[in-house]
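What follows is a pair of complexes built around chain A, which joins chain B in one and chain C in the other.
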Partner chain A sequence: MTHQLKDGGQVLSVGMLARVEGEGGMHIEIKDREVVSVKLNIFEPPRFYEGFLRGRKYTEPPDITARICGICPVAYQSASTEAMETICGVTTTAEIQLMRRLLYCGEWIESHSLHIFMLHAPDFLGFESVLEMAKDHADVVNMALRLKKAGNDVMELVGGRAIHPVNVKVGGFYRMPTLTQLEALRPDLERGLEDALAAVQFVSTFEFPEMEQGYNYVSLRHPDWYPLERGAEIVATSGARFPVAEIGAHVQEFQVEHSNALHARFDGEPYVVGPLARYSLNFDQLGPRCQEAALRAGLGQTCRNPFKSIIVRTVELAYAFEEALRIVDLWADGHSPSVPVPPRAGQGVGASEAPRGTIWHRYTIDADGVIEDAQIVPPTSQNQASIEADLHLAAQQWVDLDDHTLTHRCEAAIRNYDPCISCATHFLDLRVKRS
Partner chain B sequence: MIPEAMVVGLGSPDRGDDAVGTLVAERVRAMVREGVRVLTREDPTALVHAWAGCHTVVVVDAMISGVAVGTVAVRRAGTRDAALPTHAFAAAGRGGSHAFGLAGAVELSRALGTLPEHVAIVGIEAFNFNHGPMSPQVAASIDDAVAAVSAELARAGHPLQGSEAGTCVWEQSRG
Partner chain C sequence: MTDAAIETATRPKLAVWKFASCDGCQLSLLNCEDELLSIAEAVHIAYFPEATRAVVEGPYELSLVEGSITTPEDVRRIHEIRAQSGTLVTIGACATAGGIQALRNWADVEEYRSIVYAHPEYLSTLDTSTPIASHVDVDYELRGCPVDKGQLVEVLAAFLGGRKPRIPTYSVCVECKLKGNVCVPIASGQPCLGPVTQAGCGALCPSYGRGCYGCFGPQDSANTDSLTRQLTELGMNSDDIVRVYRTFNAGAPEFSAASEAVAVASSTVPAGGES
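Coming up: the complex of A and B.
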């Protein structure tokens, strides 16, 4: 909807932007065909999780922080358990780590399949929503539902529930699934892997706007595997490389007037976390089939076009299936579900790769295990500045397009990041003002 | 094997009144006869394939429609019924983002050809979706909601054990 303003300017109002999680708005101001201001207004209220974690027991964050988000609860559980185990000087078993990784695969499958096919693909196929897309692309939507169900099944078996898992604790799990139960997942995981690999080629046929961004990509990295439930260090395309425990020295959070979510800088600069960063910094850790699918889809070993994040996300979807199958292959019954974690005073960091990017938690606890301080830094808040920069570039690049088309491009540019605003505050009303 | 009829309790057991769908479904589970399957789900997208091939489905969920809290109402959403409003999905807001709502799932199912002929949505008016216990008005409506499910199953020829087809009486509205 276009409004003429008294000062001769023009405001395009799109109501709430669909297909992102949470509530926010976007304001773009254009004068004389120059974009002069872009603001991502996140008005979802602050949720104060960090505040009410203080005074709680060190065993509670996996259950409490999982409630921050219904899409990526495992990311919160993984980061919080790792932080507490680090503080208490406890290393869990290889089997517990494997099961955490399998649970994380379930979350990636759930989240990526939903975003790729039901929220993001309509942008490229020219539909307002997946409801319209389903009429012409029933096979794609049916596949997406099957893939998502496979992820839900992993979450239910390993986590106890498909949303907000209840089987995770500091030190491991309350119970381990049996090999028989895991084997029952295999047919759907095998089919999911083949479907996801084929889908990489399918999404690569979409028409992508030309847009390259030179952001500093930041991701976890581990010497042995593509980063999901944890990493050994933080790496960046700027060349920065340091242990996860030092991330607080490199990331500065700060408030801006137009957002209820904190913004962040990495070594003083805006940065990007998420699939594009993970992929570009960890391509060598993907398996051969995923690497081959990515290269065949036209991706290089790095990807700088944010619109092509849908291809990268689909490669990661295939990887999650492949990894889940690998873990099922490795599993044997009889492993203890957890190790004891007696409290110890100290401060520690835990980090994992949520579907939409690196998340990290830092806690300080006392000798009785009471939380004295908590800091939770989710991916969407870290990406806000870069989302705004993409919108600035997109609006400037396509300033002569009609308002409807420009708005659509801008909405799609936001969805490139699969933003989770509930996490960041812990949606979007898009306004373009022309004068 | 595809059941002839299905009862689905939707909602999160942790989030106050949203637990009512699951609680009603669990009450019904103990009374259904052969041929009726009872499911509980938090994610409505699971229904699009789960109910494919069923003749009759009764979905129980908390709702917000502006009537008195605890009111039980039935809306039909099968293949012969009018489409549910999905503006909230298309125009986003809370119902249209990652949180794929029941109306979105019904209409997606209709588009994909998996929607059962008879779908009845038993809605219980609610207001508290915060973490914690259910509000007393909603808890007090569980008997009425079970009766509504019973009546819908009886209409489809699957009366609950202990009830006679066509004799189940329930209030369309309370409060």
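Coming up: the complex of A and C.
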């Protein structure tokens, strides 16, 4: 929609940003072909998780914080269990860690296939939604639904259900799946891996706007694996490298008037978490098939074009299938589902790689295990400043396009980040103002 | 009109709305991988921002509403939505009971704001999180945190068939018996809200060896007094019992009353006395 202002300027507005999780808008002001202001507005109402976690038991955050986000509950469950186990000085078993990683693979598969094919691909293929896309690309949509279902099946088996899994607890799981049950997943996982590898090539044929951004990428890193359910340290393209426990000293959260989600800076600068950061900082940890698929799709070992995040996300989708199969191969029955975690007073951090980027939790608990303080830093709030910077560059680069096309490009630039606004706090009213 | 346009015009229009929530219940619709394309043929998905940019004007024959009311703006918005909806169905614990964010109903919201936000003056929020039915008439409430996708499909099928949804209102205990589960509190001494919680999940938690934590809200004749006694016998203190009633359906009247009864009883017991 375009409004003419009395002073001869223009305001372009779109009710609400679609195909993102949660509610938000953007406000872009253009004067004499210069973009003067860009704001990503998040008006999703705050729910005060950090407030009401005070006074709850240390065993409750896996169930409670899962409810921050229906798309990535496992990310919250993993970060909170790790934080509590760290505080209480407990290390779980290798098998519990492996099963957590499998559950996390399920969430990556479900969330990535939702975003790649159902939320993001319609931008590149020129459709309003995946449902419309289904008419011309029935094969792709059917494959997407199959991939997504394979992820949900993993979550349902390991977690009990796909949204807000019930089987996760501080110390491990309530019950371990059996090898027979895991083996039953294998055919869909094998097919999923092949489909995902083929999809990497398919999405690489999309037309990508030229855009390079020099952001500081931040990701978890693990000596043995591409980071998912946890990492050993935090690494950044700036060269920063430190143990996860020290993240609070490097990340500062602050509030801006136009957003209900806190913004964040890393060592004083805006930064990016998510697939582009993970990939660029952990390419060496991908398996040979995923590396080869990525290179064949025209990616380098790092990727600086935010629009190509869809290719990177698809590489990660393939990786998640490969990992899930590896874990099924390794599994043997008979392992204890959990270890005891008696409470101990202290403070600790847990971090994991949510599909849309690094998430970390920091808790302080007392000797009885009652939570005294909680801090939860989800990926989208960390990415807000960079999303705004992308919007600025995109709007300036394409300032001469008509309002309809410009608006669409800007929306797509936001969707590059797979923003989860429910997570970030939790509203998008899209406006371009010209004068 | 073309055949396709006529066909679109005769299908009922579906809108999906969001208030304070996690998006999980509307995601349940997208998670119907086997049914999604058939659903999109049976109804005209007219407004569903999580899935599509296309926006078709109301009125809408069916509105699915996710989330609870927590801001002055949302109070206004839900009345607008009611006015343009034929049938309005709330989906999930936030929309039917206020969700986990209803914990603010027992707290000082000013303090919460200052814990989370450095500039609480930028926020516009109410002191309470309330279900949709506290503000407008609701035609059907679907329970769950999240809703069960099988039940969601049943609600859509019932709407299309012009009948009442076949959703049981008995307790999780019945589902456990049907599945042949071992009774969790009896066998392992873990607290279980199954006796007072509505079925619908398929007795998920007990099937995984943990007690039910009440995410489908109170069943139609919940005897919470009896459950509170049992939880006490299992060795739980009053703070822990208050916590188990105050999770995702804390604002449901039965659970809210049960938690307040426990809190009041414990605050009137003299120090050192029996609880």
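For the reader, a short list of remarks on this structure follows.
The criterion applied here is as follows: the second predicted complex is superposed on the first by the 433 of 435 C-alpha atoms of A that agree within 3 Å, B and C clash if a C-alpha of one lies under 4 Å from a C-alpha of the other, contacts with A are read in each partner's own complex, and residues count from 1 in each chain.
Please note the rule applied: a residue touches a chain if its C-beta (ideal position, glycine included) is under 8 Å from a C-beta of that chain, and two chains touch if they have at least 3 such contacts.
Remember, predicted model here, so these are calculated numbers, not experimental data.
With the two structures aligned on chain A, chain B clashes with chain C.
In the superposition on chain A, A:87 makes contact with neither chain B nor chain C. Looking at the shared chain after the overlay, A:395 reaches neither chain B nor chain C.
A simple residue count on chain A separates chain B from chain C, and the partner touching more is C. Of the two partner chains, chain C is the only one touched by A:257; chain B is not. Once chain A of one complex is fitted onto chain A of the other, the partner contacts of A:161 extend to both chain B and chain C.
Using the contact criterion defined above for the overlaid structures, shared-chain residue A:175 touches chain C, although it does not reach chain B.
Of the two partner chains placed by the overlay, chain B and chain C both lie in contact with A:149.
Applying the stated contact rule after C-alpha superposition, one finds that A:135 touches chain B and leaves chain C untouched.
By the touch criterion defined above, A:73 reaches chain C but does not reach chain B. When the two complexes are superposed on chain A, the residues of chain A that touch both chain B and chain C are 15-23, 67, 70-71, 114, 118-119, 128-131, 134, 141, 145-146, 148-149, 152, 161-164, 420. Residues 12, 14, 41-43, 45-46, 48-49, 86, 89-94, 96-100, 104, 107-108, 111-113, 131 of chain B touch chain A in their complex. Every residue of chain C that touches chain A in the complex is listed here, in rising order: 18-28, 30-31, 33-34, 36-37, 40, 45, 49-55, 70-71, 74, 99-101, 103-104, 107, 109, 111-113, 115-119, 122-123, 125, 129, 145-146, 201, 204-205, 207-210, 213, 215, 240, 243, 247-248. Chain A contributes residues 15-23, 67, 70-71, 114-115, 118-119, 128-131, 134-135, 138, 141-142, 145-146, 148-149, 152, 161-164, 420, 427-428 to its touches with chain B in the complex. By the touch rule above, chain A contacts chain C in their complex via residues 15-23, 44-52, 54, 56-57, 60, 63-64, 67-71, 73, 114, 118-119, 122, 128-132, 134, 141, 145-146, 148-149, 152, 160-164, 166-167, 169, 174-175, 254-255, 257, 260, 262, 411, 420, 422, 426.
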